[in-house]
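So that you can tell them apart, the chains are marked A, B, C and D in the order they are listed, and the count of residues begins at 1 in each.
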Amino acid sequence: MSGPVVLTGRGLVGGIAEGEALVTREAVSGWGGVEPRRGRIIESRHELVGQSFAGKVLVFPGAKGSSGWSGMFHMSRLMGSAPAAMVFTTMNTKIALGVVVTHVPAVTDLDRDPFAVIRTGDWLRVDADRGQVIVTPRSR
Amino acid sequence: MSGPVVLTGRGLVGGIAEGEALVTREAVSGWGGVEPRRGRIIESRHELVGQSFAGKVLVFPGAKGSSGWSGMFHMSRLMGSAPAAMVFTTMNTKIALGVVVTHVPAVTDLDRDPFAVIRTGDWLRVDADRGQVIVTPRSR
Amino acid sequence: MRLTDGERAMLDGADGEAVAAAMDLLVRYGEVLGAERLVDTDNVCGANLFGSRHSLVCGSPTPDAAFSEHSLDAPRVLTIPPVRAQSYQLIGPMDTKHWQVQGLPQAEHDEIVASEKYSADHGIHLMNTCTPYQVGNVPVRGEHCAWMESSAVVYVNSVLGARTNVEGRESTGAAMLTGKIPYWGLHLEENRHGTHLVEVTTPVQSNRDWGLLGYWIGEQVQEEGIPVLDGITTTPDLVRLKHFGAAAASSGGVELYHVPGITAEARSVEEAFAGAAPRVRLRYGPDERRAAYERLNGTATDTSVDLVMIGCPHATLGQIRDVVRLLEGRRVHPDSELWVFTPRALRHIAEQNGYAQALEDAGAVLMSDTCPAIGQFLPKGTRVIATDSAKQVHYLPAIMNVQGWFGTLAECVDAAVTGTWQGVQP
Amino acid sequence: MRLTDGERAMLDGADGEAVAAAMDLLVRYGEVLGAERLVDTDNVCGANLFGSRHSLVCGSPTPDAAFSEHSLDAPRVLTIPPVRAQSYQLIGPMDTKHWQVQGLPQAEHDEIVASEKYSADHGIHLMNTCTPYQVGNVPVRGEHCAWMESSAVVYVNSVLGARTNVEGRESTGAAMLTGKIPYWGLHLEENRHGTHLVEVTTPVQSNRDWGLLGYWIGEQVQEEGIPVLDGITTTPDLVRLKHFGAAAASSGGVELYHVPGITAEARSVEEAFAGAAPRVRLRYGPDERRAAYERLNGTATDTSVDLVMIGCPHATLGQIRDVVRLLEGRRVHPDSELWVFTPRALRHIAEQNGYAQALEDAGAVLMSDTCPAIGQFLPKGTRVIATDSAKQVHYLPAIMNVQGWFGTLAECVDAAVTGTWQGVQP
């Protein structure tokens, strides 16, 4: 079993949160792609379809789809199903506004490819003040 | 007294008409510039303001003003106040459509400057089939 | 003029007599122009609403007779089929809602309503505005159109890069039935290059600035020029360009202009002139602006204002909201009127937004479909008008024999509220 | 992010708490983006109509509370002042006229009507459409805007040369109150150059052609590309480009494209790439078109059609007239529905033109303000839809769990009349 790995990047929104990683290499759609009651991905062609990000650390490329992206994650926060934190690689206005209104720590521009390092189930500590993601791999 | 002068150019619409020349070096406005009942120029700043072209050969640069130009001369024809013919120097869509719907012989692209040759009151024979304007100067 | 087989067939009656008459008109027109051929168009804006002015001339004709005569210049009465091209009605003589404000008699109203129904039944979209581009007819660069209304022509040619000449009622009537118009003038790339370079050496930012600039340029360029503006430092919006073009198209006959980096066809001054030297070089600075302002205000001496007219060309919702906000907590003076003109489609939204009611509560009226210059109507006894439109102040005094003041929207609303013009030279 | 003195003052509360909260949102947002500053905007299109879906979450809040939370992401309920910028409501959840066709209960209707009134009272223009450019909001090249609605963003960026990113509800809510938006992404010239060259080797002429092309390109380009089309030989119009952009913005995240000679910012392929080499070269020919057609029809097996949807994005008057003419002498099948969607301002004209009545007489409905995808509604028991919109056929099956057919307008109207889809691969 290997020890924690630290990825460093740009912290967004601020704060610290911990949780299980939910990893996907596919960008996530907001409107039409997730449902905010349980924070589940509902896009039929998505590899995570049916899974919930509630309380997890969502590790993904970022946002795709319509301009309702931020509104969907905003609603998810209000309904208590938001992710604990977000780690993403591709900046655009949808993900930027989305992390802002979801009020969760987020990190981007990491010094290593997160998809090469993080697996679903790994424990993540996301420190948006220091711009760090500390990865404790799950025992395999 | 000098004899008739012949100007040659491009005949439009077709036909032959004769009448007294009414000459102006100022383009004429249609809508807001003439009134069709008596065929009078009503544009306050125009040098021919108050004068009627009804039955005359209008010798002028051409049409200016709004897109209602042809409609105004069309109406003038219906009300019996149209000019007998038109001789003009500057082509545009307003004058082109205007001569077409006024149904009067017209000539343009003359081989001489009509304003140098024709004076108000001269007798003109406008032959739009041959593209000719025959000018019989009025005795002075 | 060359005709395609399809066009020849139309001329020969393959699609009926009215289409044949329409082609005949286009052929006669095209030959006068010296056009080598026709071009297809699916975007025609014309004016086919007839009231007593037209029917009295023809002895109360049927609508088919009115269209045959006035819109096709046909030699006899023809049965007019539904129009082929996508066709739109421009501004007309009557506000279908506030026609009584215009002082129109019932019989006139009824005649125009019938004329509208005829147009509607023939598939002519009743935009009833001089600003079709504000209500869904937004041509694309290079799109061949056949439009009347000089302020609309100059807008779509310049800002959008569409291609239309200033057409007339008969040519647009014919284009509606055939989907054709002579390939001449501004349909050809080579006729769209700049001729007059205007070096702008004073800031041009407000609607008033753009109206003054347009008016001055129109006077300089008259009927034979395509002005190119150099020195514009702020990005205008639709309202500013709408006022600019309308002014230039009314003081002169400007049908196309270029503002490099803003309008559709020129990225630079050089490109606007297609590499050629300008035929004419002009400079517009503070003196020219002052002179334009004075000329626009040249008919007015009496500061007691009877009518304030906003919305020439027709106003956007944003302009309506501006008037509503300027009027907040105020009322139109008992001796004045405030008329705001907008397309009927936008009045529909303005009503739902409460803007129409707010205007009414303040003593103003939100009108559509027409304007004082086109419809030739003013409040009874009007001697002095005020407006923020260079075009309207250019036309109304001449047409209706009144005095006209020109200034900013705020100055106009103040005049409506106080009854007195207090506009100042910028 | 640098703030001007004026922006700092707004943030510090000089214009009240709501404006301060709006600035706070913009600052947080701008800092996440890494924007160096804000830019002024007077053209904001957002979505602020709230029904039970939003109010239930917040426990039936007041309209101020709903706006504070959903449109500003403010930490507490604030009194919202009239909006500063010219602001427009985009598409929403409910057709204010035909809400019962949607199956909405009265209470829901009343809630949304109240939400509309709140927006109206705050000076947000109720266009209620995904096509603001079709109802008067026609930005000028270089005009900085803040719009939601990806199909509208891609239209004004590409065709008109306006500058907007794909904004969200909270950023547009904040922009409405402040007249500011982060200066990032497509506001900067350097971010607007092409990345993907698409060589088009098959004719692209009809609406269907443009929809297929857009859909295929979106799939190729996904979220990170600005496609440049080479090989387009005919001039498209607003409807074609509207369908193209909506398709590309829904299958991928295309926010800007260039069609040299047509769209606003590129005269040539070289100019579209600003002299650089394309990052990616793609070719679109008959095989690609066929594949796109098959994918768009990929969810459908059952030819018995329950609903035909026309007007995604919202239809023009010309499109409505086309439907009316295709329906002449025919009726919608008893087992089918035909819904045509258009902005409410244009429905107003369509009603006066008799188009709405003609549709109704044939068994169809002319709807506004919403659409089946956004409002998530279909006729009871719908299993199979058909449409001429690539975007709608992309979304509806996924959102509403139905089968979707895609084809031409004529094929769609035939399906509505016969009840059976008989569209064929072009």
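Everything that follows uses one rule, which is that contacts are C-beta pairs under 8 Å (C-beta built on N, C-alpha and C of every residue); 3 or more make two chains touch, one makes a residue touch a chain.
For each chain, UniProt lists the protein as follows: A, B = Predicted aconitase subunit 2; C, D = Predicted aconitase subunit 1.
Keep in mind it's a predicted model, so treat the numbers as computed, not measured.
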| item | value |
| --- | --- |
| Mean-CA-position distance for chain C and chain B (Å) | 27 |
| Centre distance in Å when chain A and chain B are each reduced to the mean of their C-alpha atoms | 78 |
| Category of the chain touch graph - line, ring, star, complete, other | line |
| Complete list of chain pairs which touch one another | A-D, B-C, C-D |
| Interfacial residue positions of chain C with respect to chain B in the complex | 25, 28-29, 31-34, 47, 54, 57-58, 69-70, 73, 148-150, 153, 165-171, 184-185, 222-224, 250, 253, 373, 395, 398-399 |
| Chain D partner contacts - residues on chain A that touch it in the complex | 10, 12-13, 27, 32, 43-44, 62, 64-71, 74-75, 78-79, 90-94, 96-101, 106 |
| Chain C residues touching chain D - in the complex, by the definition given at the top | 42-43, 82, 86, 88, 116, 120-121, 123, 125-127, 133-136, 138-144, 159-160, 235-238, 241, 261-264, 267, 316-318, 321, 325, 343-346, 348-349, 352-354 |
